[in-house]
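Worksheet for the structure shown next.
Naming follows writing order (A, B, C and D), and every chain is counted from residue 1.
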Amino acid sequence: MRLVIAAQNISTFSEPWWKVFYDFSLLTKNIDTGLHNAMSPFWTTVTEMLIIGVLILLFYALVGLFLVYAERKVCAFMQNRLGPNRVGPFGIFQTIADLIKLLLVELIPIKKADKFLFNLAPFIVIIASFMAIAAIPFANGLHAIDLNIGVLYVIAVSAMGVIGVLLAGWSSNNKYSLIGAMRSGAQIVSYELSVGLALITVVILAGTMQFSEIVEAQRTGWFIFKGHIPAFIAFIIFLISSTAETNRGPFDLAEAESELTAGYHTEYSGIKFAFFFLAEYMNMFIVASIAATVFLGGWMPFHVGHWDGFNSVMDYIPPFIWYIGKTFFVIFLMMWFKWTFPRLRIDQLLTLEWKYLLPINLVNVLVMAFVVLMGWHF
Amino acid sequence: MNKTELGIFIKSLEQDCRTKEGKQFTEVIVPSSKLHQLAFQLKENDESSFDFLFCITGVDYGQELGVVYHLRSTKYGHTVVLKTRTADRENPHFDSVTDIWKAAEFLEREVYDLLGIKFINHPDLRRLFLDNSWGFPLRKDYVDDINIVTK
Amino acid sequence: MEEQVKTTGINEQEEYVINMGPQHPSTHGVLRLVVSLKGEIVKNVEPHVGYIHRGIEKMCESITYPQIIHLTDRMDYLSAHINNEAVCLNVEKALEIEIPDRVKVIRTIMAELTRIQSHQLFWATFGMDLGGLTCFFYGLRDRERILDIWEETCGSRMIVSYSCPGGLMYDIHPNFQKRVKDFIKYFRKTLPEYDQLLTGNVIFRERTMGIGKLSLEDAVSFGVTGPVGRAAGFSCDVRKYEPYSAYDRVKFNEVLFTEGDTYHRYLVRMEEMRESMNIIDQLIDNIPEGQYAVKMKPVIKLPEGEYYQRVETARGELGVYIVSDGNKNPFRIKFRSPNFVNLAALNMMSKGFKIADLVAISGSLDLIIPDIDR
Amino acid sequence: MRSIYNYLKEVLMGVWSLLKGMKVTGSYFFSPSKIVTQKYPNNRNKLVMFDRFKGEVIMPHNEKNEHKCTGCGICEINCPNGSIEIISKTIATEDGKKKRAIDKHIYRLSMCTFCALCVKSCPSNALAFSQEFEHAVFNRALLIKVLNKPGSQLMKGVE
């Protein structure tokens, strides 16, 4: 009954409906007040959390399905192939068919495996990526939780996935898995540093860790243009190290198909494997959207100085489209890397981090601080 | 050295062997006891320097079992064929040449696997393709009623 | 006599032993490598073979010489035509028949096409072993063009069975010359892409340079031939030192390097593709007129004796040793397969390197398992 | 200073080599006309195999249901795998003589290695290769084929 009242409140909308696409806070505030009128603050919060949870879950599944399809199509076109083309027009339902297959596949129990940890591992991996998605601003006002330490939160939470990977490798009682997990541990721990430092470069420029303010600061120009040289270097480093952090090629040593068959998830089948698979793609989506938010202006449209006509045209494109476009641009770059380069060896991977990325990054932070201090940024 | 000179030269190294000038290569028939000694000399001697062992073949001649070594010198480009035989079909054995040419390790294992010829001082003489329950299939008296179908 | 058969003693407590294969993505078939590791570092590699041992040598003892040809296709299936040629040359040598020039030239062209497609597949799978999956598709895409040429002329795509004692099974197809020329033109344009994608790539160079070194001395002692030997400076090209077919009338260089590491093994193959194209260029317009086969007796009997013929396949020196007792079947036939001998060097080459390097090294040996097992 | 220069040069050269590789894959990504995939079962109607393609051994019959096989058995001898078996019978010819002719020319597709020795060795050119390549069946027994059609006869003039 109360929900009906809330719904009635929401339906009385003061602005034209399409305004919502430019400022989602209109809708969210409306829902909030509607719910407040209908029920107590406690139940309001619970209902809101439920709604957001369901929405994120839906979004998660949809994006995961789409990314798998996109990856297969992108790699197919790069390899002179057609890619999936049988299920549905252009094979768009291929991933759904795969999902159904994965759901129906038998879950093979492993002898002498640590049953509890074995079953726990995929959940840890997927929860880590699930938590990170909460802090990402999708559009103007479409932001589950706007932490004032958003950048720090995302770094911290996304690093949690490595525990799942380590557990998976250790508990499956498989030598290949163990090697894969150990590689992954070494890799993620080192590349965390670069990811963090690359983001700190931008935090220096922005002067805040809150995602909403970082985006707002880019209203007059994206950070990659504002911070010119150091920001561009930071962007490149972020791309490399975040690719490594998500265990994607050319840094996919943890699963290294030609060396370790499938690395840490060799022994997983069915839906548990699907969790790892989905988490990999969602991690890619998360790092891509952070790159888009921090370097490419998030949902901010592309503005050029005083070209007011051009800027107003750009403003007509809804923020959500901008955000998705930028994110997929970064994702495309990462796919392009994966399908072009051969894999690194574990010692080269660590050499790249400690001998190349880290020194460059440290110098870059200093340069950025200097640029900000002297006011040389735009 | 051409084929004739090579034959004379090898004869001078080892008195017990018989040399024959084949159509293609010089062939040397050497008693099994002298095999290792001659092989060592052929490798180390500067005039022959047969450093490339490219083929070891085990042959079942019916009554006798034999091993054929094809050697080539990368320095001079000449080739020689060493042949040795044994009449012992129960426990045939020759000296291994793995200490002279490393290539012999696998090639001798193959001969052991398929013909049952043992090589003394071989570092790792195990069966290569087949497991221990098999006979020695390349011997002429090998019978396998299930897998060998003759028309 | 002391029992010489010894079983392997692997100390499970001290070494981390993993089984690579028989079903492993990078062993290219059913090769099984028992790898002892210390952390990621390879301590010992022990190849176990025989998973597809078919006893071709035994089978050959009960069939006639023309029938042997189709079995040799199935040893090194990527050098199928060259294997055919080896047996044919040996039989022809034993019977002392002079084969027409036309046959010699066509066989040479086919052999060089075989070499190119084999190296293309090597490039494809080597890239895949190192994690660059796109290479696989580019390599196979270009290889498909050669397979189409074969399909038109020989009737099969890979297992061609095109040579027979005394000549060829059929004459070349009227389109053959045009298609080969088209392919050479196309591939000269595509080969630089291979270099851009892999050869020059900094990750690839880091992964392969200085990995799996083989000195010249070891190369000769292990008897490794083909690109593996030539990368170490071992001049072992049969086409040069014992020319057969039409190789004595073409100009080409033997590709030699001295480093002997994985990168140079790769480089030898890339250069050999260029050399092969040069050979084809010299021959394709000069195929002499004449018969495509000599009339042979219906039953071929080799005179009593021993015959050895070696040819250069894409992987090294293939020797065919026939002991004949005058019958229509060989008394004993032995194939000295290059892969089998090259495999022996794997353990020495990969000791002390990482497990990822083992994949690169075994990839650079370009092993074909049916050729090892036979 | 020199070492810093070398370090930077190394980094830039490395990045440049990576970019060259990305150029190759990128250029293919943006030129879909170079796609080589053939959608096989869909293009079945347009698919033309080469004349010499060794699909399976067949015995061509003319419109009067006549073939050229005399039943001499040379193909059976030449086959390395024993995939051909000829069952012959004796028939009486028009002028009263008894003559050998084939009853069944059995061809085991499952054992065939497509070496073409039978086709090549046949003295009366009775065998040929068809361009059929879709050999998959659900029952192995279907792979044992009888090449001469029921009721067929030897073509006139073939001995």
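As a convention for this text, a contact is a pair of C-beta atoms (placed from the backbone, for glycine too) under 8 Å apart; a residue touches a chain by one contact, two chains touch by 3 or more.
Fair warning: this is a prediction, and the values are worked out from it, not measured in the lab.
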item: Of B-C and A-D, whichever chain pair has more C-beta contact pairs; value: B-C
item: Whole-Å gap separating chain C and chain D, where each centre is the average of the chain's CA atoms; value: 24
item: Cα-centroid distance, chain A relative to chain D, in whole angstrom; value: 51
item: Centre-to-centre distance between chain D and chain B (centres being mean Cα positions), rounded to whole Å; value: 41
item: Per-residue multi-chain contacts in chain A, two or more chains; value: 78-81, 339-341
item: Residue numbers of chain C (touch at least two other chains); value: 134, 141, 197-198, 201, 203
item: Interface hub residues of chain D, defined as touching at least two other chains; value: 18, 21, 24-25, 36
item: Chains that touch, pairwise; value: A-C, A-D, B-C, C-D
item: Footprint of chain A on chain D - complex, ascending; value: 11, 18, 21-22, 24-26, 28-29, 32, 34-37, 39
item: Contact set on chain A toward chain C in their complex; value: 75, 78-81, 175-176, 179, 183, 249-250, 252-253, 256-261, 339-348
item: Chain C - residues contacting chain D, complex; value: 63, 66-67, 69-71, 74, 134, 141, 144, 151-156, 159, 161, 169-170, 173, 193, 196-198, 200-203, 298
item: Chain C residues within the chain A interface of the complex; value: 16-18, 24-26, 40, 127-138, 141, 197-198, 201, 203-204, 206-207, 354-357, 359
item: Chain C residues touching chain B - in the complex, by the definition given at the top; value: 1, 4-8, 49-50, 53, 55, 57-58, 62, 93, 218, 220-223, 225, 234-236, 241, 305-308, 310, 317, 319, 321, 323, 332, 334, 336, 340-341, 343-345, 348, 373
